[in-house]
Structure formats: structure tokens, C-alpha cells
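Some structures are shown below for you to check.
Next come two complexes, and both contain chain A; in the first it sits with chain B, in the second with chain C.
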Partner chain A sequence: MTLKLFTLLLQAAISTVAISLISIAVGFAIAILISAAMISKKPIYVFPARLFVSFFRGVPLLVQLLLIYTLLPVIGLNVPSIVAAIVGMSLCTAAYQAENLRGGFESVPRGLIEAAEVTGLNPRQTFFRIRVPIALRLTFPALINEAIMILKSSSLVSVVGIIELTKMAQDLASSTYLPIPIFATAGLIYLVINSAVALIGRFAERSLGGAST
Partner chain B sequence: MIFNPAIILEKLPEIGSGLFVTLILWVVGIAGGVAAGFLVATTRRFGGRVINIGLGALVEVLRGTPFLIQVFLLYYGGPFVGLMLDPIPCGLIALTVYAAAYYSEIFRAGYAAVPPGHVEAAECLGLSRWQAIRRIQVPEMALIVLPPAVNLAVILLKESAVLSIITVPELTATVSAIGSQQYAFLEAIFVLAVIYWAIVEATGRLGRLAENRLSRLRIANA
Partner chain C sequence: MSLPAIAITKLVKRFGDSTVLQDIDLEIPEGKVSCLIGPSGSGKSTLLRCLAFLEESTSGMITINGEALGFFETPNGKRERLPDTQIRAVRAKTGMVFQQFNLWPHMTALGNVSEALKTVHKLPKRQAEERAMAQLRKVGLENRANHYPSQLSGGQQQRVAIARALALEPKIMLFDEPTSALDPELTGEVLNVMRDLAAEGMTMVVVTHEIGFAATVANQISFLDHGRLLFSGPPSEIFAKPRHPRLDQFLDTYLDRGASMLA
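Showing the complex of A and B:
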């Protein structure tokens, strides 16, 4: 395990972090829409949203990635494989985040929503100014967990040929015949990133004034 | 292009054998993971400080690294330390160890959720430590542990697809190979997704059913 190998792994780790961050952010935006549809009580919104969540939570991410990777060119979207990977990861994490957010929305106290309505806020204002911020605070710990899950799951995009930490480790391991030190180091880098995310999460949770308030 | 999943369904016997391997990996992984996880959680709780910290660190490493990296380490690294494993046993070991780490955390939370007063009461009544664990703690834990345990079982089924990468002939590997042979890759992956989806949905329903049964049983006994 030389310094050169270690530097290569660290560079690849930057891709891992970037891919994960983009997927979580895009997934979050989709998740807000999906969870809003799920709590809307209108079957025309609720049913497709439920179907989406059930499908993306019920199928292995690897299979989803393969599906999107083959589907996009067939429907005429010739995008680079990195885009396909990010689309796949975003949709997957959107389903999990939507389910978390739905739980958050449902635990927003009724009285607060009524108060907002009485104060004269229209439904959209009530949704974006009252329900969303409270639901976000309630679901923040779950969001951090999801971020860690996605960081780990991002190792699967190596299968569609994207050079991130796992793919780099795989390539280096086969070219140097040093699988043990290389995979162990890659694992350690994942562990450090995930611990950092967990730590930041705990810190942010405390400065949000606790998730339960 | 014509989308025709029937091409894939013609290969039913092969799909069946892939499904069989996946189900074996899954069931053995869960059984081994539950047993080892319970052992780890129990040892951590009653085995003293040093053991608790040591096992805790191991669990954190297994939970903090991607399953794929663990699989690669075992499959490609194993031969360097004299551990030559075929894909299936390698996958089985990796899945079981991964499962054990997560199940041990579920059992740890389960132990923590049983009120200490119940255990103290059992000990006051003259039950031995082992009896108190077996007759008081474990039954009380069962209900708390069931929902996350079923949830984890679903996650393990999905993780088992990762084993296709080290050429374990399970469902994902088999069906995508059929897709390549038949020049119908999209159809193959579609069929694959539907099969996993069906198993996951069925497992979720079964879990909720068991939960209802168990909670009714508990209320009846109380």
C-alpha cells in the first residue's frame, strides 16, 4: 500500500461523495413532491405515489440501476452512464425519503395546521411554511441515516462502469495483486466518511434544537 | 423495438434455479444472521466492558462499509490468507456476517427496551440469570424486535443481488445472463425487478400479519 495508491483511492472517494450528495439532493426534491402526493388524500395522487415508493423500495438498487441503464437509451435518451447512475440512485433514495417525510408530515400537530389556517394562510403557504419545516426537523435523523445508506449504496454504480471508490479499488486490486490492503483501505475510507456524516448529523440535530421539539 | 417479456419467461427452469439459489442464500443468511446476531448482542450485554467495546467496533465496521467492499475483500482477498472460497459459500458467509452485524443491533435495542424492573423481579423470584433471559427478556423482546427484523430481512434479500457481481448464480445473475443471450436485456431486468418486488411485498405482508398475531397473543396473556 503505497502513498500513490492511497491518493488514487482518496481521489475516487471524492467522486463517491459527489455522486452521493447529488443523488440525495435530487432525491430529496422528488421526495417532497411524492410525500405531498401521498398525504393528499386524493386517490389520483396517492396511488401513483404509493406505487413509486413500493417499487423503488422493493427492488434491489443494483437491479434498478441496470433497469435505468438499459431503459434510458431505449426510450431515446442517450445520456452518459454517470447521469443514468445518478438518476437511478436519486429515484431510489427519493422513495425512502418520501416514506420518511410522510411519517414526518403525519406527526405535525393538527393544532399548528389549524392555527395556520385560522391566521389566514392559504393551503400552499400552510404546506411550505408550516408543514414542510416541521416535518423536516422531525425527519432529520432519518435523512442522515439515508445519506449513510446512499454513501454505501453508491458502491454499486461501479457496476455500470463509473470510476468511484469501489471501482477504483477493484481496478487497483486487480492490477497490483494487493486486494486485502486495497479493499481494507477503501472500506476504511467509507467508514471515515460515514462516521463524519453521522457526527455532522448529530451536531446539526443539536443546533436545530433537538429533533423532537 | 418490441417489448416482450415472454421471451424471458420461456426460460422458466433457469429462472427457477436462480430463484432457488437466491432463496437459499436469503433464508440461510437470515437464520445464521439472527443466531449470530443474538449471540453477539447477548455477549455484549453480559460479557463485560472489553468484549462489549471490541464487538461494538466490529459491528460498526460492518455497518459502516458497503456490502460490496466486504464481499470483494472476502472473495479476492481470501485466497491470499489461504481462504479459497467458491462464489456460493463466499456469498453465504458474507451475507451472514453482514446480517449478524445488523441483527445484533436490533437485539441490542430489544434488550434495552425491556424494563430492567422486569428482570430484577425475575431475579428476586429466584430465577437464574439464564432463566431470566430465556423466560422474561427474550419473550418481551420478540414483539419489539419483530418489525425491524422483518425490515432487515427485506434489505438482505435486496443485498443478495449484489452477490451476482462475484458470479454467484443467483436470481440477478441468472436472469441478466438470459437477457444477454436472448438479446432482450430490458425485458430480463424488468422480469427480475417484478420478481424481487413480489417477494418483498409478500414478506412485508407476512411480517405485518405476524406482528398482529403476536400482539394479540400478548394481550391475551396479559
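Showing the complex of A and C:
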């Protein structure tokens, strides 16, 4: 295991982290909209939102990625494979995060929403000022879990030609004939990244401690 | 006679098939304290929630300072829902305090009290917080401004909730059993804030099981039973013997410190 190999793995790990973080963030924004649609009680919003969630939770991420990668050019969108990868991962995590958030929204006590109503907040203000922050606090641990799941699933984006940590390890292992130290190092890098995420999560949760219900 | 703060006429509220409020007629005078008492399930909260427009009545009418709340009914029974902007304007005349405080857990005491000033009334942050701080001072919690609800006792939380409602300068304050969720030793601090408010001339409608508070602070007591308003009047009349048999029965079951003095 030379320094050169290690540097290559680290560079690939940066792709892994970047793709994952962008997907988590984009997925989160989509998830807010999807979960808002799910709790809207209006069938024209609820139905497509449910369809979205069941599709992206029901179809393997690998298949989704291949589908998006092959579908985008057909509909005339010639995007680089990194974009296809991020779109696929974002949509997939959006489905899971939406389901989490819906649970969070539904466990915001009714009285807190009524308190917003009697103080004159309109439904949109109530949603963004009261429901979202409280639901976020309630679902924060699930969000951290999802971030870790996405970091691990990101190895799948290699099927659309992205060289991330796992793919780099595979390539290096076959070219150097040193599979065990390389895979062990890759595993260790995943472990360090995910432990950091978990730690940041725990820290953030604690600093929200005074605000917990 | 000046206009009543609240006038309720022929108010009916049904949930599906069950009638929870039946033909309620009641006038609440301005600047006075009006208590709603009655057994559990008699419809006290529902009536108060109709006044806050958290429930929409089935028929009948409510006016606040002479302005219709939510619905307008012509004498021949035609009922119209008023436009949202008008509903909002009339609702803004009332403030509501809940049994469970309902403070927003992600905001400090100051944040709770200044929230609507910032988001609804669009006051600059500094100004909103100054006004909020003045309200917190009024309920004796200036030094708890930066505490989150979870760091406050029940009594303190309820006082913050009162400050939150007062910050919007309502004409009328609605209270739904404001001390029922509190440990007995904490009810006093909340009742004292309410007494001060009454002494300042705030119009208050209070659903309460604190018969002692009702007997000493209220100008008007209304007794609800099975969704009907059985009678209403000043405490001296209501509690004078001989009493209405349903009230006697009720006082027997709620014989607390306050009620025992009337026994």
C-alpha cells in the first residue's frame, strides 16, 4: 500500500462524499415538497406524491440509475454521467426522506399548529416557521441514518461510469494485485466518513437539545 | 348600553350526528371576566374554540365588537361565509391560551412571543423583540427570555403563552382551562397574572374548573350542561342558595378548595 495508491483512494472518496452530500441536499429539498403534498389531504397532490415514493422505494437504486442513465439521452438530454448519477441518487433519497418527513409532520402536535393559527400565521407561514422546524427535529436521527445509507449506496453510481471510492478500489486491486490492503483501506475510509457524519449528527442533535419537545 | 365584546346568538355546533352545542345565546360584556363552567364533555372547550374560530359553527352567529366572526346569518336563516381577510381581521381581536400551553418547542420564550410580530406584523426583529420583552416583563419572566419551553416549568410556560397572546394586543383573551395541566403549587402564579389582566380591564372568557377563581374574579358565570347553556349571571346570583340542582351536583363533584367555601 503506497502513498500513491492511498492518495488515489482519497481522491475517489472525495467524489463519493461530494455526490452523496449533493444528493442528500437536493433530495431533502424535493422531500419537503413531496411530504407537503402527502399531508395536503388533496388527492391531486397526494396521489402523485405516493406514486413517486412507492416507485423510488420499490425499485432498486441500481435499476433506477441504469434507467435514468439510458432514459435521459432518449428524451434528448445529453447530460454527463455525473448528473445522471446525482439525479438518480437524489430522487431515491427524496423518496425515503419524504416518508420520514411525513411521519415527522404528522407527529407535530395539533395544538402547536392551532397556536400558530390563533396568532395569525397563515398556512404557508405555519408550514415553514412551525411545522418544518419541528418535524426536522423529530426526524433528525432518521435523516442522519439516511445520509449514511446514501454514502454507502453511492458505490452503485459506478454503473454509470463514475469512479468513486469502491470503483477506484476495484480498479486498483486488479491492476496492483493487492486486493486485501486496498479493499481494507477503502472500507476504513467509508467507516471514517460515516463515523464523522454520525458524530456531526449527534453533536447537532445535542445543540438542538434545548429545543426538543 | 355599550356594545357587548362578544355576542353569541343561537349557536349550534355538530360533529357529525352529535350535537355538541345547542342554541347557545350569550352576551359577554366588554372589560369583564366571564367564566364558563360545567361538567366534562358539556361543550365548554368547543364553545371557546368557536370564539377563536378554531371550530366552525354549524349554525347561529358570533359577533366580536359588533363584527360577525366567520359567518353572517340573515334573520331568515341564510348563512354566508365571510371572506378570509375579514375572518382574519376579526380573529385578530382575540388571543387564545390553551390548556397544554402549546409553546413552539424550537423557539425560546422570546422567540415564541415575538414570532407573530415578525412574521405576521412584519415588525423589524429588534422592535418585535422589544415588544415581546415588555410582555415577558409583564408576566414576570424577563429573565427567562432566552430559555426554551423545555427549560421552563409548566407555570412559566403558561405565562409565556399568555405573553405570546398579549403581544398581539387583543381586545379579548380566551382561556381554556389554563391551569388544569399544572401541578397545584404552580396554578397560583398563572391565576395571579390573569387577575392582574382582569384588573386592567381586559375582556376575558375563561373555561375553568377553578371555582374559587370564578367566584372571586368573574363578573359573569355561565353554566353549560350537555351542550346547553343552563343559566348565566353574576357569581353572587349563581352561587346563592337555593341553587340549580345541576349546579349543586356539579359543585359536589368538583368540590375543591375554591368550591368548598361556597358549600
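In the analysis below, the second predicted complex is superposed on the first by the 210 of 213 C-alpha atoms of A that agree within 3 Å, B and C clash if a C-alpha of one lies under 4 Å from a C-alpha of the other, contacts with A are read in each partner's own complex, and residues count from 1 in each chain.
One rule holds for everything that comes next: a residue touches a chain if its C-beta (ideal position, glycine included) is under 8 Å from a C-beta of that chain, and two chains touch if they have at least 3 such contacts.
Just so it is clear, the model here is predicted, and its values are computed rather than measured.
Once the two complexes are laid over each other on the shared chain, residue contacts for A:Q64 go to chain B alone; chain C is not touched. Looking at the shared chain after the overlay, A:R137 reaches chain C, while chain B stays out of its contact range. Contact with neither chain B nor chain C is seen for A:L33 once the two complexes are overlaid on the shared chain.
In the superposition on chain A, no contact is made by A:L199 with either chain B or chain C. By the document's definition of touching, of the two partners only chain C reaches A:L121; chain B does not.
Judged by the number of chain A residues each one touches, B leads among chain B and chain C.
Contacts of A:G111 after superposition: chain C is touched, whereas chain B is not reached. No residue of chain A lies in contact with both chain B in one complex and chain C in the other. By the touch criterion stated above, chain A contacts chain C in their complex at residues 109, 111-112, 114-122, 125, 129-130, 133-134, 137, 208, 210-213.
Taken together, the chain A residues at the contact with chain B in this complex read 54-55, 57-64, 66-67, 70-71, 74, 148, 152-156, 158-159, 166, 169-170, 173-174, 179-180, 183-184, 186-188, 190-191, 194-195.
For chain B in complex with chain A, the touching residues are 1, 60-61, 64-70, 72-73, 76-77, 80-81, 154, 157-162, 164-165, 172, 176, 185-186, 189-190, 192-193, 196-197, 200-201.
Against chain A, the residues of chain C that register as touching in their complex are 52, 54, 88, 91-92, 94-96, 98, 100, 102-107, 115-116, 119-121, 147-148, 150-151, 161, 164-165, 168.
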